[in-house]
Amino acid sequence: MNALAARRPRPATTVLLLILALVLGAAALVTFATRPASASSAASGDQIAQGKALFQASCASCHGINAQGTMTGSGTNVAGPALAGVGAAAVDFQVGTGRMPMAAPSIQAPRSKVQFSQEQIYAMAAYIASLAPGPAIPTAAQVDFAKGNAAVGGEIFRVNCAMCHNFAGSGGALTRGKYAPSLAGSTPTHIYEAMLTGPQSMPIFSDSDISVVGKRDVIAYLKAISKEPTQGGSRLGSLGPVSEGLFAWVFGLGLMVAAAVWLGKKAA
Amino acid sequence: MSTATTPAHQRPADALRDGDTAARPAPSTGARRLGGVAGWVDDRTGAAKGVTYLMKKVFPDHWSFMLGEVAMYSMIVCLLSGVFLTFWFVPSAGETIYHGSYAPLQGIQMSEAYRSTLDISFEVRGGLIIRQIHHWAALMFVVAVSAHMFRVFFTGAFRKPREINWVIGTILSLLAIVEGFAGYSLPDDLLSGTGLRAMEGFMQSTPVLGSYLAYMVFDGPFPGSAIIPRLYSVHVLLIPGILIALFTAHIVIVALQKHTQYPGPGKTEQNVVGFPVLPVYAAKAGGFFFIVFGIIALMSALVQINPIWGYGPYDPSPVTAGSQPDWYMGFADGALRITPGWLEFHPFGYTLSLNVALGALGLIPVMYTITGAYPFLERWVTGDTREHHLLDRPRNAPVRTGLGMAAMTAYGVFMFAAGNDIMAVLLHMSINDITHFFQVGLFVLPPLAFWVTKRICLSLQRRDRDMVLHARESGTIIRTAHGGYFERHDGIDEFERWPLVQHEAVAPLELPAGTDANGVASPTARSERLRARLSHFYFKDAVNPVTPAELAAAHPGPHEEEVPALEHDADHFVGIEQDHADGVGAPRH
Amino acid sequence: MTTGMSDHSADIAPADHPSHPAELARTAPTGQLPARFENPGLPTHIPRMADLDEKAARRAEKQVAALFGLSILGTLGFIASYYLVTEHGSVFVPGIGLMRAENLALGLCLAVSLLGIGLGAVHWAKTLMPDTEVVELRHPLRSSDEDRQALVTTLREEGRKSQLGRRPLLKYSMLGAMTLFPATLTWQLVGGLGRLPHNDLSTTEWNGRYLGGGKWQFVPKRLMRDPENTPIKASDVVIGSVFHVQPEGVLDMTEGKLEAKGKAAVLLMRLNPSDIRSTKELDWSHDGIVAYSKICTHVGCPVGLYEHQTHHLLCPCHQSTFDVTNDCHVIFGPANRPLPQLKITVDSEGYLISAQPFEEAVGPSFWERGS
């Protein structure tokens, strides 16, 4: 059975791979086109100055005029943490996913509309990176998930990520209203940066924890499962048995009862 | 054919004389063949009479009576699709490397059980649809069993003579959830393995014997390689065997006792009003099987269930957020989530883990014992030892309906507590707050549900009384000849009235005289006092049906003369005595 | 008003026949009016369209036939899809997105095949089969008093012939034999199902080398990344990171790997030493790097959710929350005991190793684990 199945041509797989390759190509193009030549190592003085100006206009109210961090009025809580050493990757992730600047103080910065152009984000990233060394924005090769091994990435994902983000990356609850967000729609670069910098409650997965290759594999796995067609129909949010049970009670029983009512009703 | 269509007496010579009995027309070929086969069987079984009786059996028609059929048919679909799955499933924890067509698992180490389930989903043509049918049918089975139980409870169908069937049904419901648990644990994916991991923890929490019990069931340390094949034989042989045996008894008893029916005109404790098995019910119930199967197939075509390839193979180190059991085990899981940790004690250097044992080991037996015992409890409290074949309208048993809603609410608190993490994410709330809410809710919500339900029932009963006494307010104001004004009430005819007045008047049991004057509290006296108290609890607020006398009092004769417009109604209401005279029952005066 | 009733009066037993004394008392007439209303009997039967109009009947017939025909089409479609739909091809479905075509096609065709028959049969029954309600009388379930007495008599009389009552020796020896015999099969089952735990639940691979007979010799083991199976240098562990760890050798095991992983799984985190509030925790750490069992002390799920800002560990199964700054004490949820800590140090090459086994049993509670 299996041997036969393995020899049979699989047009769908081919199509899938083709689509994947196309998407990859497009993504790579976009990344290359907008990436500054030297985001991490040798940012130009102009870029840093532009970034500093942007920072002071939009971020300094919480993070301090020199990114040294500030406390709230009562001095008991951190309004914005010090940013020296968080690295360009943290800036690109936080600002590039719209989490920063935060609209209002809350328990967790939600993903929202991006406020800056990618150029501006790179400038701010360069400024923060100039304060102290920190994780750099990953290179195109590091997030080139076409080279990754999705199966290995899946194993790493299940051990390190699934307990918070759920098996399908749909997200999950943390303590006291915090949550691990859904990973749907996250770009490879942002996924990489999140692992590298550990935003908010998320722990840091440095390159010595999950290797550069391992991170690429994780991205490859996430992209593979988000691109694959659903096998058995609507995923019901990939939330597991809770949504399945709800569906059985509401739609399953609903349809059965509707049929039973029709069956018991006298014909016209 | 020709013999049947040519009557013998057409020729004059064969004309019948007076007193001759007509020759029976020869049966058609079809009838002869049927008779031949039936005769062959009857010669060997003598079943003709019994089968004829069964074919003529009458079943009442109501949608809520089909809930049990949904359960039965879902079970049959499970059995059918389950047999299919056994042809491909390999119940083994043996290790293997995946080389199938699902790319994200290529080269991953996994058990034979998980690999074969992947193969059913990806390599076997149409295998996934069978798997999904099996799983959806299993969910629908337990959903329908529960809905059926609610129907039986709230209509009082469990009363004498049906207590045995209530108990059998309770056991069936318990078996159904155990069967479901065994089934979804078989694929050995990350989610089901986490469930088994917890199950092993439950067993370990058994006082004194815990670790021995767990090592016996798992044949050593968790997970071991024994649990998958053992669960398999439990899932495909042991429990289905008992399920089918008990279910057969359940159905035979229904046939023997005849189905209950809702109260209505012409329906009494002594009859069943409905349709015969042949042809109507055979077509309806037979067709309904296909409808139930068809709906399950439709769900399986469009909605994915248990995507085991997404969870990955079981490994005790990883886990997924939102690790929940299937819905019917949710109440036990939820109970564990809201039990506080201080319930673990450490007496004399031993560990007594009541924080686990209460929810995991205690809840199910307690819940099912209470459920199974309820008919006997109610019978003792009400002192009603008669047979009941007419169902109660839920409003006419306010305390029972209230108790049922309270029990359902408690169950709901447990069940929804198992989804606290999903709610926290979807509703943007704190999981801690949600958990505290359920902890408090377990004690607050059921009594509240009881009180609210009972009040609703009582007001519905009062509305029924109102309807009978004053009928519907029409909103039409009529001026009488004498210059008075009144609102015209549209009358209801006796067919509409009957369901509102058919139930019995009830009153609390009186304490047997002298029991409390004794001074010495004998055990009997104490139990009688308890019984009287409970009876008081059941019936003290009873709203009893309108009696003819009350109706007559509400529409006194003079009213009729005063209001000519009411003549039609008055005929109805005041003319009861006359109705009685031509009524069905023996005239009583 | 009562015409319907007259049609059926022959079939219907008197309504509310007062067969019980209690009911008789309740229904006793008071004054001129009866105590209760009378059952008015079945309402008049209203014929259906198909009963009155042959055209409507023929229309219903056609509808039923169409449904049966649809079912046939569904069956043919199922067989056609079985061969024609490509094995892993996909199709876009509004509301679902891209989905596997095979499942959709086979499932929908099967549903049509089944629903066609079901809806057709029910529609047939509703429109064309007789819809006059039939009344069947109930008969009391209980046997007559004579029959019941006869049963009792038979049981007693015939039972007496066994002489069981007269011969106590027979009675008690039989009872003894019958009570004891299930022990045979139970013994086999209980004895054969599993082995005894001994100290299995209290030991893990961190105990070192297994000497047999439940004895271990402690050997320090490197902490290895799961699933990469590589050793970890202390300098690799930055503040805010979390490593999922197995002892050296476990991930290479060919037998008993999952069992070993299930007990030995460890979480490795680094805290600022000044944030650690427990002296024992600090003592057992290496420069703020702490290792704790990943197996929940509630029912054994992996406690994996580490919030690096609050240093809280959350179990996804039942939400027990452990405070890593305070020796992993429970701060929320149904667990009672803190997660056991693994004492660690570094070897000469700078890799993290275990300094001693877990001091207590990891994972869910059991009676004899000690307090």
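Per-chain residue numbering starts at 1, and chain names A, B and C are given in the order in which the chains are listed.
Here, contacts are C-beta pairs under 8 Å (C-beta built on N, C-alpha and C of every residue); 3 or more make two chains touch, one makes a residue touch a chain.
None of the values given here were measured: they were computed from a predicted structure.
Here the chain at the heart of the shown protein, by mean C-alpha position, is C.
The chain pair with more C-beta contacts between its two chains, of A-B and B-C, is B-C.
Subunit A and subunit C have Cα centroids separated by 34 Å. Between subunit A and subunit B the centroid-to-centroid distance comes to 45 Å (mean Cα coordinates, whole Å).
Averaging Cα coordinates per chain places subunit B and subunit C 18 Å apart. Along subunit A, residues 5, 10, 13, 155, 159, 163-164, 172, 174-175, 180, 230-234, 263 each make contact with two or more other chains.
Counting only residues that touch two or more partner chains, subunit C has 87-88, 93, 96, 100, 103-104, 107, 122, 126, 131, 226, 244, 302, 304-305, 316, 319, 332. Multi-chain contact residues of subunit B, defined as those touching 2 or more other chains: 101, 122, 128-129, 132, 284, 287-288, 291-292, 295, 298, 300-302, 315, 317-323, 420-421, 431-432.
The part of subunit A that touches subunit B in the complex is made up of residues 1-2, 5-6, 10, 13, 150-151, 154-155, 158-159, 162-168, 170-177, 179-180, 221, 224-225, 228, 230-236, 238-249, 251-253, 255-257, 259-261, 263-264.
Considering their complex, residues 5, 8, 10-13, 15, 155-156, 159-160, 163-164, 172, 174-175, 178, 180, 198, 200-206, 208-209, 211, 214, 229-234, 262-263, 265-268 of subunit A touch subunit C.
Every residue of subunit C that touches subunit A in the complex is listed here, in rising order: 46, 48-50, 86-90, 93, 95-100, 103-104, 107, 122, 126-127, 131, 225-228, 232-233, 235-244, 269, 302, 304-310, 312, 314, 316, 319, 321, 332. On the subunit B side of its complex with subunit A, the touching residues are 61-67, 69-70, 99-101, 103-108, 119, 121-124, 128-129, 132, 136, 139-140, 143-144, 147, 190-191, 284, 287-288, 291-292, 295-296, 298-307, 309-312, 315, 317-328, 330, 418-422, 424-425, 428-433. Across the interface of their complex, subunit B is touched by residues 1-2, 4-5, 8-9, 11-17, 20, 22-23, 26, 29-43, 82, 87-88, 93, 96, 100, 102-104, 106-108, 110-115, 117-122, 124-126, 129-131, 133-138, 140-141, 190, 193-197, 200-201, 226, 244, 246, 256, 258-259, 261-263, 265, 294-295, 298-302, 304-305, 316-320, 330, 332-337, 363-371 of subunit C.
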